[in-house]
């Protein structure tokens, strides 16, 4: 199990007329979470894309427990439960201080530029294996 | 079971650098779907808000089966399975012609302006009951 | 001078906590306007991209005269003043019925896949010339 | 003249199929810039809203000199040229290192909850006056 933390400050643009963050905008935060989790392992998603890999989103879900407000400082806690093979799952928690406001999940696949499922590149696998051994 | 259909044409703004629609943007389409479903029953969500009701999103999920591309004409099929009480669930299918590209779900609650759960207003309940009787 | 009209219904996702449409969201509507203007001339922007052309935005501006609200039906009036050469300008008016709510401008260039300025393809030029002759 | 600096890391969600940041997404960054500029003066926009003030956007413009890419670290330089009275103007520069990639402007008004133009509250005026005296 590998975990990382990221922070966001809620943008005005992310709210809607209900007065708090629009539910569809959390998915961009989950993405920040997984970008940072991979960075913490020495894996740059930008670099993966340059090498011809893609990590499309196959499934997502979110549960909204409490609203998030403009200018709130939020922590995104991202967890990778298992070593990624062809598919892998991530879990997310969004917190404001100690208060849990949203949870979520996402499922991804590694594909190549032609859209076919592939294993992640060996350099990335090595870093993942190492991270899971610690 | 009540169903409605809506159409969207994919905006350039809705794509990302992977070359197709960003996964987080489907939730605005699901919302168009439920706005139209309620309109088809004579229930305006705008009017509900004016009367002090809110319908926040409690949970969402989506499965992405195929990518959606810029300028695609898509059909959003929205289904309300049961009569809304305090909480209710909606299902979504996004199709490009006959091709199913995305499915999704959402769960909502009726709350009042102070954030407390309430039953939907009687005029809306009547229209819903009538729709389920047909 | 070539003009086209498009319609949008304001999405909940497009509002912010001020209770009306977020100012940054008008640019996606201007884009719908120019997509439709080109379509009305028989020029598909999607087709232009497939042929290797890009039309990046060089400049934009908007003046917000009145707010636009959730579920409003708005008309986007898009005007191409001059025949596009390397660069061209578009003007936009957003109306709710007869009421003008926003005006805007955008400037674009034709570039090729390597990012260099190019003239638009001859088939597109022919359609533009013909449209300006009418 | 008062200036502040903010940083953003480009989100995947902010790109479009042209491979770089969608032009409409810069306006959320300009907003981060002005939120931070006011914060640096001890003026919280959130607090202003709680006290019944609104700062709607009357006009915006942007010039895109170079594209911004996913995962780029960008600096937003925000400048308030004159003391805000009923209306005020801000200027923006977005830089990637020393490279200027976008410039912009915005014009705002102070209004009250009923939509009428008002002077900013005295506590905010004092902080602004003080900042301009330094």
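Letters A, B, C and D name the chains as they come in the text, with residue numbers starting at 1 for each one.
Throughout what follows, contacts are C-beta pairs under 8 Å (C-beta built on N, C-alpha and C of every residue); 3 or more make two chains touch, one makes a residue touch a chain.
Everything numeric here is computed off the predicted structure, so don't read it as measured data.
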item: A-C or A-D - the one linked by more C-beta pairs in contact; value: A-D
item: Farthest chain (mean CA position) relative to chain C; value: A
item: Chain A-chain D separation of Cα centroids, rounded to whole Å; value: 28
item: Cα-centroid distance, chain C relative to chain D, in whole angstrom; value: 25
item: Chain A and chain C, separation of their C-alpha mean positions in angstrom; value: 34
item: Contacts with 2+ other chains: residues of chain C; value: 12-13, 17-18, 24, 27-28, 31, 49, 70
item: Complex contacts: residues of chain A adjacent to chain D; value: 9, 11-14, 27-28, 31-32, 35, 44-46, 49, 70-71
item: Sites on chain A touched by chain C in the complex; value: 12-13, 15-20, 22, 24, 70
item: Of chain D, residues touching chain C in the complex; value: 17-18, 23-28, 31, 49, 54, 56-64, 67
